[in-house]
């Protein structure tokens, strides 16, 4: 972090940064889901000049066996930079920085992945930086969420990530390489959009408490925008590629084959493997309320095969 | 699991199908998969290329920096090739430094480039005896469906072709200038499926193959590198047939990937 | 009264309905109020959220409105009762270990076979890389899955080839009441066994097996389209497709299904 400022003016009086951005501006971001063949799920992110690929395998067997956890899946994230991803060629293989980043990214993802559902397995997330321009850990984590959803791994939420920093005495959003090298602080974060909880938080440099709060607010707002891009990437894949949409047959068979989670797991929130307790006590009131404003397709079980007009497309 | 278990019955089916001249993906025995190449895809590299061969996908990056020559070859630059078979490329790869397979692939690809004089090491000299270019070729495998030898060779040539030597950036020259390539080696990889030989194997075909042969030819149709792999054996006749096919495929692939292959190449001076 | 226009007796006729449901992403709010938590959904207070990328689905099950998410992607998730095609990856004195395309390999115990296998004699019955049709017998909370070879249709496989397709496409391959698969078997003159784990075993003449593989690939990539059955028939055998297409295009009147037959049962292949 921060070598002494040279004669470079990283930010001018009008707030224009070296690459022309204003303090509160994100670099252009493009996200694509489902870009690899072999992997169970994948995503590609271009974020400014960063180019990062994420791939997910899992849940699958744990090797070596002693790492297995009989109560839940382990999430193993491996962040790696390609030799040609930086100006001075990097020797291939994990270095201390990559190992630390891998650890914090694994922990961030663990907070949202439904690991209890797949004990004794691993969910492997591979993140390759093909071209780097600062903010790679945030871009990588952003890609990782999309890749996990693409792989069909159950998660409470997607995790958008972004960094803020301090440059020329001002708090700015989304540092690029020069700013990262010559700036005064770097603060990457990642959040669960719905609850606003922080699942990744690092800081290095020099910030006053006010600057920290200002930066955090900026980063939160940026994360919300990034979340929308993650969502778009996933929806785009499935609305463009019609061959992935489901037909009625598949839906019916899925419902037939799987079970509604038992009441116990309903409270914990999740898909259990429990017996279908149709007659079990539910937390019900006297009347079954049908909420307003929500489309409740009232299709009684015996008539599930009836197809209303709106479903027919022939 | 980290070993690829293909059922015995599927293995036999692949052999039987091959005997009738066909393959599971619909190709015939002497047919390459579709190839797409993009160059200049990595801004931080001096040269780069992305190659898709069927479902196999790789990215090659060329990095150059000034360095010292080896003491026993003061008039030669340094070139080194590395192949990273990263775990994202296949469910059967473990993380870690390159194993014997990745190392073999890197060395075979390197041999084709080096022995064909594509980049003569004398071209990489800045000040004889003192300063030379160290040229790093890094092949990064993103999606593995077989035949990294051929995809790798094509990727490396294409990446070298669009490499700009950073002489000015490193203050060893007045201007950055394009790297000249002197030859276009093309490798073709064959596998034996039962009794029959097929070119450009998929990952499944590589898993069930009893033997493998890679042959690299140059613009002239001469041999520059050969490597037999996976156990098993080839008869002399089979090798000769493969060589003939290699030369033909080499020509075809060069025409496919370059409009005028001869124009791309700058013959050696002197 | 809604007419059920399903042709149940004929071969491979199925209504292809491109679902206009909403696609939701993990963490997305899909309902508010009082519902039953269905598959891949979680509840906080009176809000219901998706766990997976999939189709939002709200329907009544025995009078209770239930929120489900039907996943669009995902690996095979073993369920007790599933018919699966497995490959032996390892064995011990009392078990063979089968890869069934799930998160972990599944053991088959010697007592779960139709044979009387002595302790240590497992190598006489299966070798590594052998394949079999099995059923998922057991699954517990720690992802332990066991399979069985005891039951109708379960057996060691010889010859043929195993093809893999996305597990979510398996229902389309089977078709309404097995109609699609029955047609494919008839036209190709091949034996075909469909596993819930996305694996399909095909056996017959090499040419015919190849055609079936192509047809399966076609189904996998076009599962949402109508006229799928006719196209598959065409791929497998030029002549037969005419009859099917004629019926589809309305030359012959569609046959009404009998409602009483239309009942959901666990389909045992």
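Letters A, B and C mark the chains in the order given here, with residues in each chain numbered from 1 onward.
Just so it is clear, a residue touches a chain if its C-beta (ideal position, glycine included) is under 8 Å from a C-beta of that chain, and two chains touch if they have at least 3 such contacts.
These numbers come from a predicted model, not from an experiment.
Enquirer: What topology does the chain contact graph adopt: line, ring, star, complete, or other?
Expert: complete
Enquirer: Which chain lies the greatest distance away from subunit B when centres are computed from Cα atoms alone?
Expert: The chain farthest from subunit B, judged by C-alpha centres, is C.
Enquirer: Could you work out how far the Cα centre of subunit A sits from that of subunit C, in whole Å?
Expert: 30
Enquirer: Subunit B to subunit C: how many Å between their CA centres?
Expert: 41
Enquirer: Subunit A to subunit B: how many Å between their CA centres?
Expert: Averaging C-alpha atoms per chain gives centres 35 Å apart.
Enquirer: Going through subunit C residue by residue, note those that touch at least 2 other chains and give them in order.
Expert: 105
Enquirer: Tell me, which residues of subunit A touch at least two other chains?
Expert: Within subunit A, residues 60-61 contact more than one other chain.
Enquirer: Hunt down the residues of subunit B that sit against at least two other chains at once, touch-wise.
Expert: 1
Enquirer: Which part of subunit A faces subunit C closely enough to touch in the complex?
Expert: Checking each residue of subunit A against subunit C gives 40-41, 58-61, 70-71, 112, 114, 118-121, 149-158, 192-194, 230-231, 234-235, 238-239, 242-261, 266, 269-271, 273, 278, 282, 285, 288-291, 294-302, 304-308, 310-314.
Enquirer: Which of the residues in subunit C end up touching subunit B in this complex?
Expert: Counting only subunit C, the residues touching subunit B are 87-89, 99, 105, 127-131, 157-162, 206-207, 209-210, 213-214.
Enquirer: Which subunit A residues qualify as touching subunit B in the complex?
Expert: 36-39, 42, 49, 51, 53, 55, 57, 60-61, 63, 78, 80, 82-89, 92-93, 124, 126, 128, 130-132
Enquirer: Taking the complex as given, what residues does subunit B use to touch subunit C?
Expert: 1, 3, 5-14, 16-17, 20, 22, 24, 26
Enquirer: What part of subunit B is in contact with subunit A in the complex they form?
Expert: The contact residues of subunit B facing subunit A are 1-2, 42-45, 48, 55, 57, 59, 61-63, 65, 82, 84, 86-91, 94-95, 97-98, 136, 138, 140, 142-145.
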